[in-house]
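To start, the structure itself, in structure tokens.
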Amino acid sequence: MRSIDINCDCGESFGNWQMGADESLLPLLTTANVACGFHAGDPQVMMRTIGLAQEHRVAVGAHPGLPDLLGFGRRRMQIAPAEAHSYILYQAGALKAMLEARGMALHHVKPHGALYAMLNDDSELAAAAAQAIVEVCPRPLLYWPAPTKGNALPDVAASRGIRVIGEVYVDLDYDRHGRLILQRRKEAVDLTRVRRRLEEFIATGSVASVTGETVAMPAESICIHGDGPNALDILKTVRDVLAEHQTEIGAAAAEGPAGRRAAAS
Amino acid sequence: MRSIDINCDCGESFGNWQMGADESLLPLLTTANVACGFHAGDPQVMMRTIGLAQEHRVAVGAHPGLPDLLGFGRRRMQIAPAEAHSYILYQAGALKAMLEARGMALHHVKPHGALYAMLNDDSELAAAAAQAIVEVCPRPLLYWPAPTKGNALPDVAASRGIRVIGEVYVDLDYDRHGRLILQRRKEAVDLTRVRRRLEEFIATGSVASVTGETVAMPAESICIHGDGPNALDILKTVRDVLAEHQTEIGAAAAEGPAGRRAAAS
Amino acid sequence: MRSIDINCDCGESFGNWQMGADESLLPLLTTANVACGFHAGDPQVMMRTIGLAQEHRVAVGAHPGLPDLLGFGRRRMQIAPAEAHSYILYQAGALKAMLEARGMALHHVKPHGALYAMLNDDSELAAAAAQAIVEVCPRPLLYWPAPTKGNALPDVAASRGIRVIGEVYVDLDYDRHGRLILQRRKEAVDLTRVRRRLEEFIATGSVASVTGETVAMPAESICIHGDGPNALDILKTVRDVLAEHQTEIGAAAAEGPAGRRAAAS
Amino acid sequence: MRSIDINCDCGESFGNWQMGADESLLPLLTTANVACGFHAGDPQVMMRTIGLAQEHRVAVGAHPGLPDLLGFGRRRMQIAPAEAHSYILYQAGALKAMLEARGMALHHVKPHGALYAMLNDDSELAAAAAQAIVEVCPRPLLYWPAPTKGNALPDVAASRGIRVIGEVYVDLDYDRHGRLILQRRKEAVDLTRVRRRLEEFIATGSVASVTGETVAMPAESICIHGDGPNALDILKTVRDVLAEHQTEIGAAAAEGPAGRRAAAS
């Protein structure tokens, strides 16, 4: 592995309500997934988050969600494919205009919460979402938990020319099928385990499941949860481990590893 | 006058609630001001309205409003300049992404309701709004009721390189200062008066006020209210009068009349 | 049958958007199901609807929905039982306070759209909803499409002492299981069929399904859809048929038919 | 002074966003002003807050605000008197139903933020708000910063039979006219000054302004700001001072001091 990306959800405050620790986390990220007002975020929060990202040279992607502020976009809603398309286009388009106003470009799209879960399962919704991503991203990139194969949106995205960036989670456990085991409550994560999982991933491109199996993890980005109680410590640990292993850090590139090799030769 | 634009607010439905007669009006317009979801409109309505506009070769501008669905954006709210900026950028940006997905461009910005009224009065809000228009419009155009001079946003817009398209209203009366007299209730408008006012405007570039004064009306667009009971009849009358007077019809151009002269010579 | 109730959803306008024909329909109803602001309606619309209901001596029930204005409460959302409870209590409580301010009482609760469908299926949500109905209704009544037996909320409601008022729909078809066949588009309903279905119901307490079976319809109320193109004609037909058959018209009573018999003896 | 009330705004979280420290503050209050969903709060937060209040025997009042979640109800909006009336009735009614479901009663109404400011200034809005309070409160009480005389809502409230509970603020400064000097940023408040101001108030019924004048403070309740960084310390200081001065603590009573004297004789 020559270079790895570190991404985190950002801009999840809303109006007077604060969430996350964007100011301390952003300087240590390479890409930020910014909420766009449907499940979190608002125009002021988006502008502020973009400003911080620019200051710290962090690439910004859209983090669109379901229109459910009350439920933080975490409750499945029965939406039609045309709605999935227009909701993503609307949210990512609003963010893109703000980025362009600051001389930045929309880097990627990463669906949030229940919208993510629905796009993982439903191929009609996924086709509509892929269409929106192709339309709104200058060089279409999709972030998705690795392993991405066999899931609705990553599969259709690949067929539409969208590059899919697999993500590895160092602050969560995996089951034997490579599925993330979500915590009920946000508790402080054991930093030794974060270190061990990341070292294994760097050395082997795989992680150990909770039941001991080795799970291949074709990932180009490390995803950090910004809302845990020790998110900053996790992020610092990740940066330390990467430095110790001489792993370069950088935002995922649209042309992909192949593209970079081609360019280098 | 070689050519005139005809604009109308469109896309003001929301979810299951219908408003306006976009399907019958759009074929007769040259530009449409499309609501962007804060005071009216939603992503599905926006996509549908853009589709109709494309079918009828109508240029589409953003019609941003205050975040007040309940009050249809008609109630003044005490917002800060940074909020005026980010609210316009967000709404126009969302619409722009949808237009670009259909191979169209964002044509202009026209603020709605109480936001319009606030931007007419307050120069700090106006400066923030002008900034958003410059940032989001590829070739910045602002639509505003004529006479525009002496009003906050048109004045600052002109100084920022935004071309201001003055509008004449043929379905409303003017007072001696050239101010529109708003109807309390939407009533059917007398078509003979529409015809007379438009003929006077074509012949002289001015209209008569309710008290008989002649008011100069430096306008390049005719604005039609889509929500009146006989909006379609008014629009047909306008098209008839323009045809009788050999007036060309076309969306206002970003380069302006001077630009067109220069191009022609 | 000594007396029958006629109910209709009312107060479904929102802000500047009109829906339904409350002013013409309300004089012909005995009970109105009033939207409470989550999927439709707003405080001003609610006050106006209550005023009309009072003028025409129409009993008012709450018509609570999911928090989804954009989807008109017609999209299923994954909510928890505690949310079903607090959402119904909030909405019905707001309406109740408005009714009490006018010297009226909250008559019943009738869930709307996707919330209705979810409460038909899910017994945990249904138990939570029944709790809210018992808490907010002075004399708890629930309106539900007949036949109600075997459906989650009506079953638990009966066990909680809530009287369940079965509804017959004269403007929709039934399948052989007594399930309503929903129209895709709101089209004008054939008045002869309305008349025939209602006459059959009055004579036999049952209706014919689309495939010819006789379906028992233990109903005390006729539900009219206020948003169809000929809703007023349907309602007038219903009133005519009831008059021709000497059927008394009146809001369903909390004490029920048994109660009325007891009171009469 | 025989007894004093201590109130604080509570239930200002929304969905996944936390605000305030209700769990630690509520045990030390006698009355809580609970947000009702328009500017903050939601049905789940309201139920949780009521549950805490019941556990600690705290009386609960409604804290209605403008329909502006994005602005936390702190931005003036141009609303009509009928809207002020229906918005307060809706919000307080929803809370009242939840209280009654727990065997509690709605204790008082205290308008929030910009709605408070508008009701302080505009007598037409104030008359509409007073009407709502009379309609929704079993024994109408209004909380308002002392001195209340000469302000729109307290004046009309008194004439409508609503008892007005004046509040003294021990964590803010006063100008010579008895007007509160609002902090730009929430900073930790000097506890010595809190102690000194409260001791002066207990001894004399007045406080010193920032310019040294003595300002009479006809107050029956101490209002604490729950969102400051040392809110809990301020509240503990208040309780300590009141204990040292043998001042009884209790929720303001609807019958008022006169009523209590009458009852005692």
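The letters A, B, C and D name the chains in turn, as written, and every chain counts its residues from 1.
Please note the rule applied: contacts are C-beta pairs under 8 Å (C-beta built on N, C-alpha and C of every residue); 3 or more make two chains touch, one makes a residue touch a chain.
Just so it is clear, the structure is predicted and the values come from calculations on it, not from any experiment.
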Exercise. Give a one-word verdict, same or different, on whether subunit A and subunit B use largely identical residue numbers at their interface, taking over half shared as same.
Key: same
Self-check item: Where subunit B and subunit D are represented by their mean Cα positions, the distance between them in whole Å
Solution: 45
Quiz item: For subunit A and subunit B, what's the span in angstrom between their mean Cα positions?
Solution: 40
Quiz item: Which residues of subunit B are in contact with two or more other chains?
Solution: 70-71
Quiz prompt | Chain contact topology (line, ring, star, complete or other) | solution = complete
Quiz item: Which bits of subunit B are touching subunit A when the two form their complex?
Solution: 37, 43-44, 46-47, 82-83, 85-87, 89-98, 100-101, 132, 135-136
Self-check item: Complex contacts: residues of subunit A adjacent to subunit C
Solution: 67-68, 70-71, 75-79, 114
Self-check item: Touching residues (chain side subunit C, partner subunit B) in the complex
Solution: 13-19, 40, 42, 69-72, 74
